[in-house]
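One chain, chain A, links the two complexes that follow: it is found with chain B in the first and with chain C in the second.
Take a look at the complex of A and B:
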């Protein structure tokens, strides 16, 4: 029995069907990140777990107990809001202790609990201030303190970092991760930032249009996307999606891609069995920028490298990497090369394709084309 | 020479541009200076003069002021304005807040109800006073209706009872201003972050505690605005009382404004009337100036 089980949950607001049967199960200590573009229903799902929105259909189980109709205050959860939602008329200590006060915890115990949490979050010197006197990062800490002080079974975070500036956001992200590792709490975290999702999660649920697209570990979602949406949404710069055609060569399927002046043939390594059925049909290839490199930095040990000389359309240095753009299948394709590689647009250079990391999609259904049973089980089946 | 003349032209135009706003505004400035501040100064001077039926510029020092403060009617007027002002402000705020909280529960006909509550504010005090005078008049209104309906023992004659008449004025004034106060509170309630209420729900606070501990403390600026607006309305209240009770029965509902009017225009004591007017101005200024100062200063900080 999993710790939090979201079982075929639907949400309807009148005619609009906001959530269309979400199935997610996580274990105690998991860090689940719900990620997706705005309007995908992730915040609604979080509000339903919190009890702030009703469940139209389906079941919500926390530690084996159905909490569909349990009042938010009796679900043993705590929530951190995007706007922090601190009570402006109370001091920081009052804010953190309010939940305990409402639960009629004696003053002395309350004081001890507040002090303990304040020490954990390093806000001891702020306890007598009002929220209006705090900076964004400090408010964020107080909001987390208010959640932590009650020591609930489940923490809910609703885009908690989106109101912070870029640098503070990275710092707070690290802190949330450390806190999770230290306390071993179970967390459900909503964000639209896929980097936040990748760095924090032990499980990612990618959502779109009220439907779950993929549930799995960050690495599985990144390397083995279920469909074109997940492939394009996760990762920055995003996965290269290249129009190609599968043909048979020597009894094996290969992918043919149009370059500016000729045709590039890439061998197919993954999902070979499934792709046999796709001969002489159009597909979309997915290749991460880091799977297209210069020959020297290619992973010759583990990967399956295929080299080709192609024209350079554009060079984008970022300092850490050099993104080299070429045209494949009519679209710009990002390759990640060593910085300092002397390249200029218009020149030709050798690109190394790690075809062991190549994934293939059906252009019509936008779904992955994959073997029935590969070594990597599909993450959706894993939880079923 | 030739290149000096366009420069001079530009200088003239620039000077005109600099002076034009001042030129345009100066007539109204002069008018306000004369008719508002000029007459304030004139009234202040009259309060130190020997004026009776007509202005008399003989300086008598604080003579009129001491007569004002020893006047028995002025004592009643001051007592009445205290009772009226306090009850008026407190009742309007309490009722307005309750109505606003009830309206804020996402009820269906909110727009209609809000308009209904706000309508009395659209009436002038004269109309309000006259209507309530009819309604509370024992021979015409509520009491007579009840008698006609067969409830012979019903009695509600506060309007003609000199101990109770001031409360009828309070009722009418509260009826008129509550909707306005409600609108102010409603705007304040709408400005409160919904996530904060959700957080309080998760924290386990019951609805009344969410209001008492979290929402109402945040409405402090609205309370301040409501008190200032209502307080100066109370002190200026004149037409309502004239229309409803005429200051009577006897002097039972006299307030400083009716006192001033009757001393200036029917009792030929312009000096005392001027002193009472200056006193009212001072009280209102003491309320409004700190308020305006805090309101106008806020955007800069």
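Take a look at the complex of A and C:
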């Protein structure tokens, strides 16, 4: 029995079907991140877990108990809101202690609990201030303090970092992760930022249009995406999606890609059995930028490297890396090379393709083409 | 210096003209108040000499004493003080109750929306546009049925009913921009309907409370029509008493007493403006309102 079980949950607002049967199960201590573009239903799902939105259909189980009809305050859940939602007329101490006050915790105990949390979050010197006198980062801490002080079974975070500036966001992200590791709490976290999702999560649920696209560990979602949407959404710069054709060569399927002046043939390593059925048909190849490198920085040990000389369309140095753009299958393809590689657009250079990391998609259904046994993540639930 | 001086001089000239115009308007607006004040400190003989704008030659407080304590209104000669307290007794509960009800309405209409909440608010809003005169007869009938005719309580009820539309409008619009997330956070914290209202929303509503008090206080205090229709005799408010005082004096018109009585009737609204206006500004400045 999992700790939090979202069982075939639907949400309808009148005619509009916002959530179309979501199935997610996580264990105690998990850090689940719901990620997806705006309007995908992730915040609605979070509000339903909190009890602030009703559930149209399906079941919500927390620690084996059905909480569909339990009042928000009795679910043993605390939530950190996007706008922090600090009570403007109360001091920081009043804000943090309000939940305990409502639960009739005696004043002395309340004071101790507030002090303990303030110490944990390093906001002891702010306890007597009003929210209006705090900076964005301090408000964020107070909002987290208000959730932590109640020591609930489950924490909900609704895009808590989206109102902070870029630098502070990275710092707070690290702090949230440290806090999770230290306290071992179970967290459900909503964001539209895939980097936040990758860095924080122990499990990622990628959502789109009210449907769950994939649920899995960050690495699984990154390396083994279920469909084109997940492949394109996760990762920055995003995965190269290249038009190709599968043909049979020496009894094995290979992928043929049009370059500017000829044809590039890449051997297929993953999902070979499934791809046998796709001979002489068009597909879409997925290759991360870091799987296309210069030969010297290629992963010769674990990878399966295939080299080819191709024209350089554009060079984009970022400092840490050098992104080299070439044209494959009619689209620009990003390759990640060593910085300082002396390259100019118009020249030709050798690209090293790590085909062991290549994934293949059906261009019509946009689903992954893969062998049955390599499906490491929960398959997509078809409910629509 | 020499290069900047023409523009500086032109700026100064514009400013002088501007202030002159403003001063002129201020004088025009303050003139009646000036005449009222000076007249109320003059003796009757001095008034009869005719120079309305002159300062009192001999300052006297007698007109004020008479207006407050011994001027004749109708048959009784006790001054306006009884009616002054009548007005207080009407205004305080009417303002507090209509304000509180308006705040509740605003809270429910924005944070606990129900089916048809827009229609309810629309009807409330509509009541703001109903002129006093239209409801005189039906209101008289209702007060009769409730046995509240000719009483302070009846007048309080009338002003509450008539004020709810405005107070609801004020509070609804204020709470519409009050973040819903605060209410949700409080719900998760375990606060109920009334706790959320009294602990979260109301303390953050100082500016709109002040606006409501100024508006309601002024309207109820200055009301004449409801007062004269529903509370004659001893329970009349000061506006009605002032009217009776001015109209019932026989023989020589005691302008100085009339002016003093009019000042007594006008002072409370002035005080509310001066005091509450300060709080209003302070509430806006402190930034404590926005979360």
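We take it that the second predicted complex is superposed on the first by the 374 of 384 C-alpha atoms of A that agree within 3 Å, B and C clash if a C-alpha of one lies under 4 Å from a C-alpha of the other, contacts with A are read in each partner's own complex, and residues count from 1 in each chain.
Criterion: a contact is a pair of C-beta atoms (placed from the backbone, for glycine too) under 8 Å apart; a residue touches a chain by one contact, two chains touch by 3 or more.
Fair warning: this is a prediction, and the values are worked out from it, not measured in the lab.
Asker: Here chain A is shared; do chain B and chain C fit on it together or clash?
Answerer: clash
Asker: After lining up the shared chain so the two structures overlap, which partner does A:10 touch, if you call chain B first and chain C second: first, second, both or neither?
Answerer: Touch partners of A:10: none, neither chain B nor chain C.
Asker: Does the superposition put A:243 against chain B (first), chain C (second), both, or neither?
Answerer: A:243 sits against neither chain B nor chain C.
Asker: Who does A:131 touch here: chain B (first), chain C (second), both, or neither?
Answerer: After superposition on chain A, A:131 lies in contact with chain C alone.
Asker: Once chain A of both complexes is superposed, is A:177 in touch with chain B (first), chain C (second), both, or neither?
Answerer: neither
Asker: Mind sorting out which residues of chain A both chain B and chain C touch, each in its own complex?
Answerer: Correct list for chain A: 50-52, 72-73, 77-79, 81-83, 85-90, 98-99, 102-103, 146.
Asker: Which residues, counting only chain B, touch chain A once they are in their complex?
Answerer: 193, 195-196, 198-205, 209, 213-214, 217-218
Asker: Give every residue of chain A touching chain C within the complex, in rising order.
Answerer: Against chain C, chain A makes touches at 50-52, 72-73, 77-79, 81-90, 98-99, 102-103, 130-132, 146.
Asker: In the complex, go through chain C and note every residue touching chain A.
Answerer: Those residues of chain C that touch chain A are 179, 181-182, 184-191, 195, 199-200, 203-204, 286-291.
Asker: Considering only the defined contacts, which chain A positions touch chain B in the complex?
Answerer: Listed in rising order, the residues of chain A that touch chain B are 47, 50-52, 71-74, 77-79, 81-83, 85-90, 98-99, 102-103, 146.
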